Every structure is written in structure tokens, then in C-alpha cells.
Amino acid sequence: MSLENKEFKPKIVAFCCNWCSYAGADLAGSSRLSYPADVKIIRVPCSCRVNPMFILRAFEKGADGVIMCGCHPGDCHYSTGNYYARRRMTLLFSMLDYIGVENGRTRVEWVSAAEGVKFSETMNSFVEKIYSLGENVRLGDLRCKN
Amino acid sequence: MQRIGVFVCHCGSNIAATVDVKKVAEMALMEPGVVHSEDYQYMCSEAGQAKIAAAIHEKGLTGVVVCSCSPRMHETTFRKAAERAGLNPYMVEIANIREHCSWIHKDIEEGTKKAVILMRAAVAKVNLNAPLQAGESRVTKRALVIGGGIAGIQTALDIADAGYEVDIVEKTPSIGGRMSQLDKTFPTLDCSACILTPKMVEASAHEKIKIYTYSEVEKVSGFVGDFMVDIRKKARSVDMDKCTGCGVCQEKCPSKKAPSEFNRGLNTRSAIYTPFAQAIPNVPVIDREACIKFKTGKCGLCSKVCQAGAIDYDQQDEIITEKYGAIVVATGFDTINLDKYDEYAYSQSKDVITSLELERVMNAAGPTHGHLERLSDGKAPKEIVFIQCVGSRCSDDRGKPYCSKICCMYTAKHAMLIRDKYPDVNVTVFYIDVRTPGKNFDEFYRRAVEQYGVNYIKGQVGKVIPQPDGKLLVQGSDLLDNRQILKEADMVVLATAIEPNPDVRKIATMLTASIDTNNFLTEAHAKLRPVESPTAGIFLSGVCQGPKDIPETVAQAGAAAVKAIGLLAKDKLLTNPCTAQSDILLCNGCSTCENVCPYGAITYEDKEVNDHGIRETRRVAVVNNALCQGCGACTVACPSGAMDLQGFSNRQIIAEVDAICR
Amino acid sequence: MQELINRAKELLADGTVARVLGWKAGDLPYNPEPAYFETAEAMEDFVYNGFCGANLSKYMIEASRLEGKTLVCLKPCDTYSFNQLIKEHRVDREKAYIVGVGCKGKLDIEKVKKQGIKGIESIGGAEIADEAETLTIQTIYGEKTCAYADVMLERCHVCKGKDHMVYDEIIGESKETKDAERFDEVARIEAMSPQEKFAFFQKELSKCIRCNACRNACPACSCRKCVFDSNKFDSSQKANVDTFEEKMFHIIRAFHVAGRCTDCGECSRVCPQGIPLHLFNRKFIKDIDELYGEYQAGEDTDSKAPLTNYTFEDAEPSIVGKRG
Amino acid sequence: MYKIAKENLSALFQLIADSQELYLPVKTAGQTNFAAWSKDAEVDLDTLKTVKSAKDAFFPQSEGLYTVKKEGKKMSVEPEALKEQDFVVFGMRACDVRGLAVLDNVFLADPIDTFYAARRDHGTVVALACHEPEETCFCKVFGVDAAEPLSDVAAWMVGEELYWKPLTEKGEALTASVKELLSDADEAAVDAEKDAIHHIVEKLPYMNLSLEGWDGDALSEKFDSPIWEELYKPCLACGTCTFVCPTCQCYDIKDYTAGNSISRYRCWDSCMYSDFTMMAHGNNRTSQMQRFRQRFMHKLVYYPANNDGMYSCVGCGRCVEKCPSALNIVKVVKAFQNQGGEK
């Protein structure tokens, strides 16, 4: 973490599917595996419920990073949800990268209900990345900033 | 505008130690819609729930936010409490300030700040919540079991004994499955047929059980409690009602060159056949590809010799459509194809066989009438080598990554049986690990080693080379002694990996039951719901869910039956109200949502709409709420936003995003 | 063109079709407009030349609700859009009599004007049958010429080919116009640094006036009500009040048509500010081709669209960062 | 009359910008629009028509009205400040200047639109004659003279010189502030330029369009005409014509919620949009035909009926150039002319 970022408290939104990743986050909690408080989790039934609109909305409203977590491919509670989500997010992230938004601000991780450790490690590394990128200025609505 | 009450739980010190709960309650009052807030030691306790009920009554709350542990823990508790107090249960949302906050943050200021934000997000969501009503759907009191092996038979018997109708659909001409092919069973060495056939007879005689053999499931529609299934009864060419099972046709049939499926192709059978003597039903089928009558039009011998006049060459496939409340998958397994393991010379030598083939060789009704002999020359073997983990625990794509679980035990069984019956035969087993976790399993294995003198070598076989004199040169290594081993053997037996029946993928797709990378059906929860598929109304029995031996299979079959009975015992089912809903005024009728729905819950109908005064007929999406499981895939596929998910609506999630980013 | 007119009159006369959807001569040499013709007399105004760029597939959504069949003139690239609309149940194949019209590349009047040509009175060489490779333009400031290929629409330089994907009959010859690689522009941007990419799109999108011409001309954007016009996501927008909104609109629009966009190029053709909007759609097409196998929307009416399809082995989203 | 060498224009712009804001045609990513001047801006005075008109300088596409802030349960309202700095718009054409007159009738009539009024007060317009009018122009039809850009300062580009003539007090003041860069000139060159322009205008295809029959009295005849049913059909319902138009003045008021604050702003609206004038009960215009008709009826019938016969079209021809379906007001007028007798 660089010095000039000392004051920077990023806003990070994590979309977690109810069946795997949200449970993984619960397990991280009950195992007392800490990660920065900058991460706030929104529960969705499945990663396929995450609309690109939600992700852009988060950035619009001042999020510095958005991460989506779902069941591992093959393990989706709804059989196929994360497969669709994977394609959607791949394309969306590719587009954001294409228009010059730092790729590190978006991430997808598959975290199972048993992977409390992975959840915590993922969040730690993601937050670290956001600190290194600093404030999101390319993809926010300036009306939020005043 | 909602009237929201916010209830902040201390959870003893679990939350209160790192979150200033009073502050959270105080901040809640600043949020739009919040008219009441309080904190309490244990919100989930009787007293805590009473506080929620009291506030609902006194303050006329229309929404409740509980800041507490994970919703996976107590969401149902609080929703029920609210419902008892007269509030729609879906007006309750949980802010997870324990697992997602107090337990992972040490700094009280940081923890409190985050808890406030999580509370805000929940309040923002509740502001947009709408009361939801769980719907009802009826239950057809009949179960379908797909697969007539020991798993399917046991499940069917258990369900039938509870008083419900059960149909078994079996692909082959007889029920019995893999177990009917086995000679003896571990760890007690009792005869497989002796314990299986009574069950087969019981099933066929049971008044509640109907068996469709030589049949396949063709199409499944509907949903939990109300499945509609098409079953294809393949043409048997024999009238089941007339046939007496005398067997004369099979004796007289001139075409006897078809490989016997039951004997794994080690010998042949007639074109009109029952797979094995104890087959149920004891009615043969005509293999139309092998039958001379069907191939050339001449012959018809079986028809001539049949006293009962049961032969019917004109019989057609028949489609039977039936309704079921529950479906149990018991499709079992097969051994993997060994093409990729040619180093073991399976395709080059008749004396390299799989363990399942050995079962047939050892069986009195098998191709050698139970005599242990080389299939190439009929000579008695003196040296037999068993190779373990052929295709199991494999790290590359030649085999399977998992342990097939049964091989260690049946190899010990084979070794023991051979040494018992033919003490002059040397038996060597190459293994990676010997896994014996089961009741009396390790004792069994130790008997093989200690009492029967089976030679276990920890190490893998690199190659089996057929020699000109008919012997097999086995090149292996002994890892414990760290040396290479060259061994001449008369027979090599491969403990071939098992895999789910190849048909299961097709069946899983029909059932929208999820399947893992190895084609095993996925259970709803690996620990807590091991015999249910995540798809409601679909249950899993036997090896289709994962490798297991007979006792485990029977236990799981019973468990699956209990789950199915639990479902069939209900008259009505409550459906999940968090389902997708289509706004017909916004719907384009493009079918995109239909294409991503894993449940076939979306159909398209031509509907009369009134779009701000314009009346017209439009093709619009209609969601069947009983089928919809609420994943939300359709909501994102829908470009116009016509499709939305109740309980997790676009606006609700956006409100949460906004609250968090505020 | 005469053959087309004669055939249309025939089909009108024998009742095969109730109307013809084509182009009507404009009051300037370069502004023919999409139009319906219901009688042989009306067909006198019918025109088909290099300035008939409009993709008439989208009009067939409305025309599918009219009584009787509509004869619709579709260029090769338009037929992809029509197929895609069939797939999405937005048009009725039975209500269309598709005449596949030939194409030798469509013209961009903006490019003509960019060459400093103004005060245009007449343009020669824009006829479809014309073999001329030069446009001869009479202006009040004198006669000017320019090469046909130099003033073609961008899309024609990366033409998907002159085969019609769906038709009842084909009238008129086509001439190959492809002389550039479809993804070169996208690749050029991909190779930029994040700062350059950002600056490039910021500059282009800052011109956007949110007139919605791109959306409304787009055959894939066929929603009855766009999310940006409805309150379903709290996403209704009428103007780009903030630079974020320009990006939001164009990213979401491209995303909504991803896997459905046939790359017909109408968005870029109609943009009054000349924003190369196809660069968004084509980026998705390039990604889809590279990640999920080549896919051309509108080539057929029954294949699974890339975003309603998947394989277990699909690339992970992290590939975006790894590709660099 | 003054003049300044073309090569000194950047010095002129610098000098103006030293004391006030300066908006002028700037080319960005290949398109020329009015934008704030800066040293690096690519000023483009050769392009006859900017894509959007200069309307934004006085009536921006979107502008804040006020902000509501919430702290705890307390709320405060902060109105947006009115324009207080002087500014110059350089390079408007005669048609766009007339467009301002159209807007004035709307926004400066009672009740006065204070945001607009403040901008009009503080803005000085330097208008440029059209050196080479184009085939899409038809300003003459509305009595606009492309050669006489009547505004605070009129300017002509002749050869390598820009001629400069203040016409109003504001124009004089601006002239005084940049006097050091101007030199005196006679009218001869400008007169020749005017003749040349008039000569070209005569040759333009649209300049003799007749507006006969278009006035307030024609209301019901025009409104009920079946011609609209044919005319609107190619319309894609986009807002291009509206947003490039120098006279369209409709706007919508919207709120932007930023958590603890809400900013209320207005932005241009288009009568082509399905949610134009949408109200709780729905929309009073339910079809695209009605919306299409609205635009032209407003320009050619309703507006003149309320403004002493002044049309709210100025013949700039932007809609002629930009409509994706090649529709425009000229085609509408002509359609009525051709078919008027028959129907």
C-alpha cells in the first residue's frame, strides 16, 4: 500500500451466490478468517442473477472494485447458472478493459461453500489490488463525488 | 412508504464485541422508512422474537430488518416470527453483521461502520420488498425409478411398502443390474444371486410396483409433484402376457452368435434370449439385429416352436405416458473403456480381463461354468496378476480422477476366492494404496494377505507384454523395495475404473438434474442432502451419485425412498415465491429467457395485452411458478428488463448497490 | 432496378404481396427514404441505388403485423438481420416476400462531403448496375469526382459477403467490396495502453448526444421499451448528464445485442456525430469468435446464441487480464 | 467595419478567452461542434454546419436546477447558481442566430426562464456569414439572410481576412476589448462577398420552398390530413432531428439520486420519444404518427399561431443532413404541397 493511498478507503461490492459463495463467506466468518471491511457482500440467488447493469451501477455510484463469486463451474445449484454468468462477465470485463477501465477493478472467483479460506484470501488479494489501483476515476458518475 | 423496524442482535458478545450495536440501532433511525429500532442480547431467542412481534403490532411495521447472523442461519426463524405476528414473511430481510462483519473485523469502529452500511443495504432492499405468497401445487402419488438394479429395486420396494405406486423403468430385458452379474459379494462372500433374486421376485410380485423392462425414459416434463414422463417400451417381439417362459425358443434359435451382454461378451447367446436364467420378467426378447427372421425374412423357427403363440414379429415400440410425483435416478455404472490403457494389452490378449469379466468367469453360470481358466486356451492359470486403479485416481485425461472405491475390496475377494479354490495358483496384486474403510473391510483384506497368502506389491505396472508362448510378461515396480519387477503371468486382471452409465447425461438433461464433471449426478448438499438432486423432486440412488458398494447402495436406496415418500405423503406442495415474473407489456417475445432456463419453466403464449390503450395480441413469456426455482438467469438474458425476480428484483439489488456505495 | 420494379409490380398485381417495402427517391440526389408502395403507380417513385443504405429488416417487425405479405428488398447484409429477427420471433417469415437485392457497396454522403464536396446537385455512378468506379458529382461549385470505394460506408469495406442468407428470389448482381479486415480496427485499439484506450473512447463518446439513432436503427435493439426508457432498473436516461452515462448506455447496449448483433453497421451509419459505434459490437463479436468459436449472428435461425450457450471448458473471466 | 487577418485569429481567441469564456466550432474526433476554446482545440470555421447548433451555449442539453442534501433527518436545498460570467459565442451562422430569437420567444416570455435569461444576458454572439451555403440550406425560406448574420457582431470570412462589424452595444463592447487586434476596413470586400453568397443561395434546390398554407389558421386542416400516416412511416423515433435543431426547446426534468443527495436537472427531450410528455395516466400521443406530426405542426403551425406568424424552423438543414431515414421538414412541406390539392 503506497503512502498517498493511506487515506483512500475503497468501496468494494461483492456479489455472492446464495448456495456456494455466500456460504463460503459465512464459513470465512465462522472460521474468523479476516479480510478488509471495505468489502460489502450482496446476496444473490445465483451468479447468473448478476446483471452487468448492477456492476456498472456500482461503479457509477462510486465503487472502486466489483467482484462476483459463484459456485465452481459444474457445481451450480441451478446446474447452469454460473456457465452463463461466466460468459457474461468475461465479455463485460473484456469490454471494460477495451474502453480503458483498469481490468483489476473487476474479478470473478468461484468459491464453494467449503472454501472459507479461499473466500478470505480472494477478498484480501482483491482489496490489495484495488488499493494499488487507487480511486476509480474512469468509471464513476462525478455527481457522486461532491 | 414502508414502516420498517430494525432489530440489532448482540448475539451475546459474538456481534457486540466488535460492533457497537447501539450505534447501529441509532443510525437505523436515520434511514428512510425506518420507524423503529432496537437492540437485544439474542434476537433469535423467544424473547427476541417476541420483541419483533410486539413492534409489528405496536408500530404497525410493514417491513423488518434483522441485523444478526447469516440469513442461512436464522432467516427462516425470523420470517416465521414475523408471519406469526401477521406480517408477510417475505417482508423480512437479514443484514449479516456476524459472519460478514463482527467475526472478521477486530476494530470496533471499522466493524460498526460496516455493520451500519450492511443495515442500510437491507433497509434499502426492504423498502422495495413486496409481500410474496407461496403458491401450491398438487402431488401425483406415484414414483418413477429409473434403473432396475439393486438400487432401483430397493428404492422401489421401500416406496411400495409405504403404500405408494412405483414404476421401474429398466433399459435391459431384465431387472437385476450389475449385481446380478457378480459371483460373490464382499466382505461376507455370500452368493450375489442368492441375495438378489429374492428381491427381484419381491419387486415383480409387489402389487404396487410396475416394471417396464426393455424400456427407456424418452421425455420428462413438468415439475416436482407433477412430472409427466414418456416411457418408450421397445418392441420385445414377444407377447409378455402369452409367454410362459419355457425357454424352448432360445434352445431352438439357430442364430447363436450374438455376444452375450450379461457375460460381458465372453461367450454368445441366441438371437431370442433372456439375459440370464433368473431374469425377471422371464420373457425373452428378440435381438432384431441378430435374428435371421428380421435379417432375411426366412426362419421363424421360434414362432413355430412356441406353444403359447407368444412370438410377435410385428410388435412395435410403444410410448407410455405417465404422471409421477417423484423420480428416483438409479442408473448405476459401467466399467470404463480401456482403449486408452493399451499398455495392459487388454485388446491384445484374451487373458487380460477386467474384474467384472472375472466375476463371470468365476460364476457357475458364466462362460467357463465357474472354472478358472485362461480364455485363450482353456488352460488353468498358475500365476495371476491383479492390477489396481486402472483408470481410477488418474491425473490425466485417460482415466478418472476419483477412486472407484469398490476395487480394493473386490480384488481382495477375488484373490481370496482363487486361493481358496485353487491353492496352487499364485496371486499377485499391484496396488497404489489399499483402501478398506468399511465395516469388517480391513479384516477381510488382512485375511487375504495373512491367511490366504496373496502377494500384495505396492507399485504400479508399467506394461503387460504378451509373450509368444502365450504367457504375459508383467513389468512393474515395487515402491517399498524400490526395485523393478518382471513377472510372467498366465492371467492379468484389471481393476477397471467404474463410471456412471453413459445414458445418465441424457437423463440428467431431461430431468434438469445437475451433473458433475465425471457425469455423477450432483446432490443438493454434499453433506446434508446427499440423496436429493438440487432439482426438486429428483432423488439419487446408488452409483449414479458416486461410487459405492452394495451395502452403501442399499442404504442410499432406502434413504432416497424415504425422501420420495416424504414428498408423496404430501397432498400439496408450497412453491418458492421468489420466482421470475415477466412484465407482459415489456416482453419482446424473443425467447432468449426460454433458452437459458434450466427448468423449462418459461413458455411463450399469445396473449391479449392492453398497452396504454393499444390492444393487441402479443407473443409473451409466461413463467410457471411451480417449475421456476428462482435462479435469475432469465432476468439477465432479458434485454428489456421485462423479466424480473421476485425477492431479488432489479430495483432491490440496485438499491442495495446504491446503499453500499453511498 | 427496372427488373426489380417490374417484378414488384407483377407481384402486387397478382396479389402475392400487398405492399412493397423499398426506397423512395428523395428530393436530393442522396437521400432516398425507406417507403411502402401499395400500387404500381406508386412504384414510379421507387429507387434502388448506392444511397439506399437503410437496413429494412427492422421495418419488418411492424410490417409483420399488417394484413398480407410485404415484399421487402434486402441487401445481403440485411438478410442476416432478418434471420436474427426470425430467430427472436420478432418478424414473421410467412408475412415477408424477400427479394434479395444486389449490392456493390453503399455510399456514405458524409464521406463525400468530407472531401469538401458541397452544394450537390446530382450524382452519377451511384446506380447499382453502373460499372463506374467513380462518382461524378455536379455541384453549384462545379463538377467533382471521387472514387466509389473512397466514399463507401465503413461496413462495406469489411463486407461479410454478397450471399443472401434468406430470400424468396434474388434480383440484381452484386460486386465484392471487402478490402479490409473486419477486426483490424478493434485489434488496433486492443493494442493501446489503458490510458490511450480511455482517451480514445472518451473523446469519441463525448460527442454522443443521446439521440438514440443507433439504438432505434439497430435491428437487434428491437425491444418494445428499452431499459434506458423504463424505470425497471432505475436506469432511465434522456441525456448524458455525466460522462459515465455515455459509457453506460453504449456498453449496455452493446452487451444487450452481444451474440445477436450481425454487424450490419447501421449504428455507425446513422450516428449524427460519426461515432464509430460498431467498434463496441465488433469487440464483442471478436471476443466471442476467439473465446467461444466463430459465430455469425443471422447466418441461420436455429443455432444457440453465444450468451445462451456454454461449455464446461469456457474461458474464465480472468483471461481478460491475461491477454494483456 | 474592421478586419483581422485569418492568421491572427488564434491571437484574437486568446485575447477574448483571457477575460471571458469563449465557445466556437471545434473539431473533436472528426466532428465539429461548439465547444469551449482552449489552446489545443482544433478550431474549425470552414465547416458550414456544426453537428449540433450553438443552442447549448444558452440552453445546454442538460443543466442542474438544484440539489437537495440530507444529513440525518435534516434536508437542505441548494439552487444551482445562474450564469454570472460573460461569454462569447463565436462563429454562429445566421440561421442559428434566428434560432435564438425563436428560443427567446419561449424562454423570455413570462414566466421568464431565469437560467436561459442569465445566459442570454451574459452572452455575446459573433456570427459568421455563410461563405459557401450548401444544398441542404433553406434559410431564405424563413427570411434569414445567410450573408447578413444579424447578431452582436457580424463577421465575414473573405479570402485571408475576417471582417468584423459590431451591431449592438454588446458587440461594441467586445470590439473595444479586442481593438488592438483589429484594423479598420471598408465595406467593399464584404459587399462583394454578400453578392456572391446571394448568388449561390439563388441556385440552392430548397431555397424556393413555398410555405403557403402553413400558418395558425391551417391547424385543423393540417392536423387531420391523412398525409401524416404516409409520411411518418420511415421514422425510427430517434431524437436526432430534435437534438441537432437550433430551435427545439422541449425539456424534461429529472432527478438524480446520489445516496444522501438528489440533484434535480433538466435535459432536452424529444417529441419523437415514446415517453415524451408521459404522465401518470399514460401518454396523450400514443402513436409515432402523432409524435411525428407534433414536431412539424409545432414548427409550422402552433408556434407561428402563438408568435405572430414566426416559424420555429430556421432552415438550417441539419435535420435534412442527419435524419437516419432521410426524413425532414422539407419533405413534409413538399408532400403537402404536392398532395394538398388532391386530398
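Chains: A, B, C and D, in written order; residue numbering restarts at 1 for each.
We adopt the following convention: contacts are C-beta pairs under 8 Å (C-beta built on N, C-alpha and C of every residue); 3 or more make two chains touch, one makes a residue touch a chain.
These numbers come from a predicted model, not from an experiment.
K.L.:
Please state whether B-C or C-D has more C-beta contact pairs across its interface.
P.N.:
C-D
K.L.:
In terms of Cα-based centroids, which chain occupies the most central position?
P.N.:
A
K.L.:
So, what's the distance in Å between the C-alpha centres of chain C and chain B?
P.N.:
49
K.L.:
Using mean CA coordinates as chain centres, what's the chain A-chain D distance in Å?
P.N.:
Taking the average C-alpha coordinate of chain A and of chain D, the gap between them is 46 Å.
K.L.:
Could you tell me the distance, in whole angstrom, between the mean C-alpha positions of chain C and chain D?
P.N.:
30
K.L.:
Measuring from the mean C-alpha position of chain B to the mean C-alpha position of chain D, what distance in angstrom results?
P.N.:
Their C-alpha centroids are separated by 69 Å.
K.L.:
In chain B, which residues are in touch with two or more of the other chains?
P.N.:
Only 517, 596, 637, 650, 654, 658, 661-662 qualify.
K.L.:
Of all residues in chain D, which are in touch with two or more distinct other chains?
P.N.:
Only 256, 258-259 qualify.
K.L.:
At which residue positions does chain A touch at least two other chains?
P.N.:
51-53, 57, 61, 74, 80, 84, 88, 141, 143-144
K.L.:
What does chain C use to touch chain B in their complex?
P.N.:
It is residues 65, 88-90, 222-227, 230, 232-234, 256-257, 304-305, 307-308, 312 of chain C that touch chain B.
K.L.:
Show me the residue ranges of chain C that touch chain D in the complex, using the header's touch definition.
P.N.:
26-28, 31-36, 54, 58-59, 118-121, 139-141, 203-204, 206-207, 209-213, 215-217, 225, 229, 236, 238-241, 266, 269-270, 272-275
K.L.:
Across the complex, what residues on chain A touch chain B?
P.N.:
Interface residues on the chain A side: 11, 13, 18, 22-23, 25-30, 32-35, 37, 40-46, 48-54, 57-58, 61-63, 74-81, 84, 88, 114, 120, 144.
K.L.:
Of all residues in chain D, which touch chain C in the complex?
P.N.:
Its residues touching chain C are 28-31, 33, 48, 51-52, 61-62, 132-136, 200, 203-206, 233-234, 236-240, 242-244, 252, 254, 256, 265, 267-270, 273-275, 320, 322, 324-327, 330-331, 334.
K.L.:
Show which residues of chain B lie in contact with chain A when the two form their complex.
P.N.:
Those residues of chain B that touch chain A are 70-73, 96, 98-101, 103-107, 110-111, 113-114, 117-118, 121, 512-517, 522, 526, 534-535, 578, 596, 598, 629-633, 635-637, 645, 648, 650, 653-654, 656-658, 660-662.
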